[in-house]
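Following are the structures in question.
Here come two complexes built around subunit A, the first alongside subunit B, the second alongside subunit C.
Up next, the complex of A and B:
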C-alpha cells in the first residue's frame, strides 16, 4: 500500500508573535519552527499503518515551504517515514494553492491512503486536506480520532460536536484529516534521527508545478485588541463561590 | 564561525526537550522524594537510544556528535538532575573509555550492552582514602596466570546500584604510583562484589551513589582495558570528557532555576506590582542570564573541541567550573526570589538548590579544575 502523509511546519506556539510591517504576515526572523501538532498525529498514524502492513508498503512524507521545512521532513523520516518530497516554495499561499501544488506533485503516484492534520496550528484553515482530496477525486474523512485498516478498506471514527462520535467504513483510496486524541505521537529515537539522514528527499520547485492564482488574500493581520480586564475574587472560599455564581448569572452564562 | 545549531542538532534537541518536559519533569519531585527514579524513566531512555547517544553505531550507539550529547544531558537535567547524571555517568564514564581503549572483541561484547541499555555503566575509581588524589588508590589486583584477582573498596560510584558494568581501577602495587594502575571491565554481578550501600544524599537523590567491597574478585584476563599500567592515564582522560557532561548537567539545573524565577517574578505581585519590576530582582535575573550564557558558551566550546578531536582539557575544566558555579548561584538566587515558598517542598527550588551542589564536587572538584587549568596555562605546549 502506498501511503502519503502531508505535514506543515509551523511556528512554535510558545514563540512571541509579531506582525510584519505591511500587516499581512507574521515576522519570521525570531521564530522557532516545528511540525504542526495535528500533522504529528498524521505521521504517527501513517507510521503505525506502515508497520502493520509490513513489507510492500511505502510511506512518503511531503511538505511545502522554504529550505527550513526540510527539518520537519527529517523529523517525519526519523519517526518512520521512508522517503520525503519537499516542494520548495518561499511564497505565501492560500489553501487552494497549497492543495494544488501538492496535487501536481503527487497526482501520478497512486497513493491509496493520505493522512493530513485536521488543521494547522498557525492559520487553522482546515482546508488543505479536503481540497487535495477533491482535486484527486478521492474520498475524504475529517477529524479522525480512531483509524483501523481492514483489507483494502478502513474503519474510522470521527469526532463531532458535543463529544459525539461517528463511525464510518470506506474503501481506498481515501484521505484522512487527523484530530487530537487519535494517537500519542512517538518521540523519534536518536538512532532513527541519525538514520533519517540517509533517506531520500526529492526536491521540487513550486514554480515547476504550475501554481494557480490565489483564491483568497490576507488583507490585514493584527493581534486582538485588549478589552476588559480579569476580575480577581477575594474573601474566603464560600464568599468567592457565591460571587462567582452571581457574576456568571449576571452575564447569563449559567 | 557559526553559533547556530545544525539541522540534526535541532531535531535532536526538539525530541529531547519534548521527552524531558512530558516524560521526565512530571516525575522529578516524586523521584527525589523516593530516592529512586520513577520506574517509567529508564525503559524510555533505553528505547529512545539515549543510552548510546554519541557512542559508535557499529556497536549499537546512535553515533551522533558529542555536542548533541551535551544537549541531551542538559535537557534531561533541566527536567531532573538525577536522570541527567544517570545518562552522563553511563555514557561518558563507562561508554567513552570503552569506545576509546577497548579491543574490538571487548567493544562487541561490552560496549553493545551499554549502548543498548542492557547494562548501566559506572566508573569505579574513588576510594575512602582516594578522592581528588585518585593516584593513591589501594584496591589491588594480582595476576593469577589465567585471571586477575582484585580486592579493595570503592565508594561514590554513580549508577552503582544498577549492578551493571563498571570500569574498575586498581593498582598492582601502590608503591608504583600512577604507573601501577590498570583499568578493567567489571561485571558488577561477579562473585566477590558486594554492594555495601547506596548513599543517602543531599541532592540528586534519585541517582545511585554506591559503595562496593571487592573481595578476591576474579576478572578474566581479556577484561583488562587498555594497556597494563596505563589505567591512571585512562581515568584522567575519561574525566576530562566526563566533566563536559557534568557542565551540561549544571547548565540544565541552572536554566531550570532561572526560568522558574523569571516566570515567578513576572507573575508574583508585592507592594502593588510584579516582582519583575523591582530592580533588585531584575539585577538577579540579569546576572543569572549572564552566567548561564557564559557557562553555555564554555560548555558548547568544550564539546565542539571534543568533536573536532582537538585538545579540550583546559576548555572542559573551565566549562565545568563555570557551569557548576553558575548553577549554584542560579539555584540560590532563584530560591531567594521565591522567598518562603522557595524554601518549601511544594516548589522545585529547594530540590534544584540541593541538586546543584554536587556539580561543584564530582568528576573533579572546582579546586581540582583550577589546578588542571593552571597546569594548562602555565605549561603551554
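Up next, the complex of A and C:
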C-alpha cells in the first residue's frame, strides 16, 4: 500500500509574533520552526499503518515551503517515513494553491491512504487536506481520533463536540485529517535520525507545478484590539503571590 | 447580497448555532435563507426560506450528499455567501462546498470590522484580514457573533440528490461518562501544557486543594494522559462558568477559551506574557509555574 503524509512547518506558537512592515506577514528571522503539532499525529499514524502492513508498503512524507522545511521532512523520515518530497516554495499561498501544488506533485503516484493534520497551528485553515481530497476525487474524513485498518478498509472515529464521536467505515483510497490525541507521536531515536540522513528527499520547484491563482489574499495582519482588562503582575514571586491572594480575598473569591 | 446559512442537526435535533450564522448575515445586511439536512418534525425556528433535505435518506454524515444538496440550494437561492459554523460539521463540509463553487473559504471568522471579516492567526495572537472576490464560504468561530433571537416558522423548499459518500456511517458514540461535573464548580484550577510534565500536575492539584477548588485541564494535558478526560475544559470537554478560574500554564487556545471565558473571575499564571489567555484574564501573573505555585499554595494554606 502506498501511503502519503503531508506536513507543514510552523513557527513555535509560544513565540512573540511581529508583523513585517507592509503588514501582511510575520517577521520570521527570530522564530523557531517545528512540525505542526497536528501533523505529528498524522506522521505517527502513517508510520503505524506502514509497520502494520509490513513488506510492500511505502510511506512518503511531503512538505511545501522554503529551504527550512527540509527539517520537518527529516523529522518525519526519522520517525519512520521512507522518503520525502519537498515542494520548494517561497511565496505566500492560500490553501487552494497549496492543495493544488500537492495535487500536481502526487496525482500520478496512486497513493491509497493520505494523512494530514486536521489544521495548522499558525493559520488554522482546516482546508488543505479536504481540498486535496476533492482535487484527487477521493473520500476524506476529518478530525480522526481513532483509526483502524482492516483488510482493504478502515474503521475510524471522528470527534464531534463535547467528546461525542462518530463511527465510520470506508475503503481506500481515502484521506484522513488527524486530531490531537489520535496516538502518542514517537520521538525520533538517534539511530533512526542517522538512518534518516540516507533517505531520499525529492525536490520540486513550485513554479514547475503550475500553481493556480489564489482565491484569497491576506491584506492586513495586526494584534487583536485588547478587549482584555487583564492586570499584569510581575517581578518578585512572593510579593506577587501576596498581591494575588489579597485581590482574591478582596473579591471574596476565596 | 444573499447568504445561505447552514444549520445542523445532531441525533435528530436541530442545533442552535444557525442563529449565529443568521446574526452574521444580518450584520452584512444580507438576505438569508437556511439549509438543513433534518426532519420535517423538528424544524429550526426561522421566518424565511428553509432548504430542507430529509435526514432519513441523507443521514447526519454523508459529505458528498450534503455537499451536492448545499450546491443545489446555493444555485436555487442565488447565494453569494455560504455561512457555516466552525464546528465538526462545518469544517468538514465547508472546503468541499468551496471547491464545488470554486470559491474562497475563510475559516473561523471571529470579527467583522466595517463589513470585513477577520480571522485569528498565530495562536490568536494576531488577527488577519483577507480579501476575496466572487462567491465566498465562511465558517464562524462559535460564540463570536451574538445569536439572533429564534422565531417564526420557515417556508420549506424540499431538496434531494442521489449523490452519496462511499463512507458508511455506523452511528454515534456518546462521550465517556463524566465522573466529574465541573459545570457546578465554584472554583476551578486548571493545568495546561505549561506544567511541562505529569509529575508537576501535582502542583496544580495542591493549589486546587488549598482553595477547595476542582482540578481542570486543557486538552494537551488530557491527551498526554496526565489528567483524565473528565477534567477537560473546552469545546471537546466541559463548558464551565465558575466564580474563579485559575489557568496554570494554559496558553489559551480558542477551543479552551470557548469553554471557560464565561467564568466570573479569571486568573492566568503563565510565563508567556503574550499568551492569548491574557485576552480573557482579569489578573495575569507572569511567572514560572514550578516556582510560583508552591509559594502561592503555601500562602493560601498559611
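Methods note: the second predicted complex is superposed on the first by the 228 of 254 C-alpha atoms of A that agree within 3 Å, B and C clash if a C-alpha of one lies under 4 Å from a C-alpha of the other, contacts with A are read in each partner's own complex, and residues count from 1 in each chain.
Everything that follows uses one rule, which is that a contact is a pair of C-beta atoms (placed from the backbone, for glycine too) under 8 Å apart; a residue touches a chain by one contact, two chains touch by 3 or more.
Note that the structure is a prediction, hence the values are computed from the model and not measured.
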Subunit A residues touched - subunit C or subunit B, whichever exceeds: C
Partner chain in contact with A:148 - subunit B first, subunit C second, else both or neither: neither
First, second, both or neither for A:207, with subunit B first and subunit C second: neither
Touching partner for A:194 - first (subunit B), second (subunit C), both, neither: first
Touching partner for A:75 - first (subunit B), second (subunit C), both, neither: first
Overlapping contact positions on subunit A, where the subunit C interface meets the subunit B interface: none
Partner subunit A, residues of subunit B touching it in the complex: 7-8, 10-12, 14-15, 18-19, 47-50, 52-53, 57, 61-64, 72
Interfacial residue positions of subunit A with respect to subunit C in the complex: 11, 13-17, 19, 26, 94-96, 118-119, 121-127, 130-131, 134-135, 139-143, 157-171, 180-181, 215-224, 226-234, 237-238, 240-242, 244-245, 247-248, 251, 253-254
Subunit C to subunit A touching residues, read off their complex: 10, 61, 63, 87-88, 91-92, 94-96, 98-100, 102-108, 111, 119-132, 165-176, 187, 211, 219-220, 222-223, 229, 232, 235-238, 243-244, 251, 265, 267-268, 272-275, 278-287, 291-292, 295-296, 299-300
Subunit A - residues contacting subunit B, complex: 34, 70-71, 74-75, 78, 187-194, 196-197
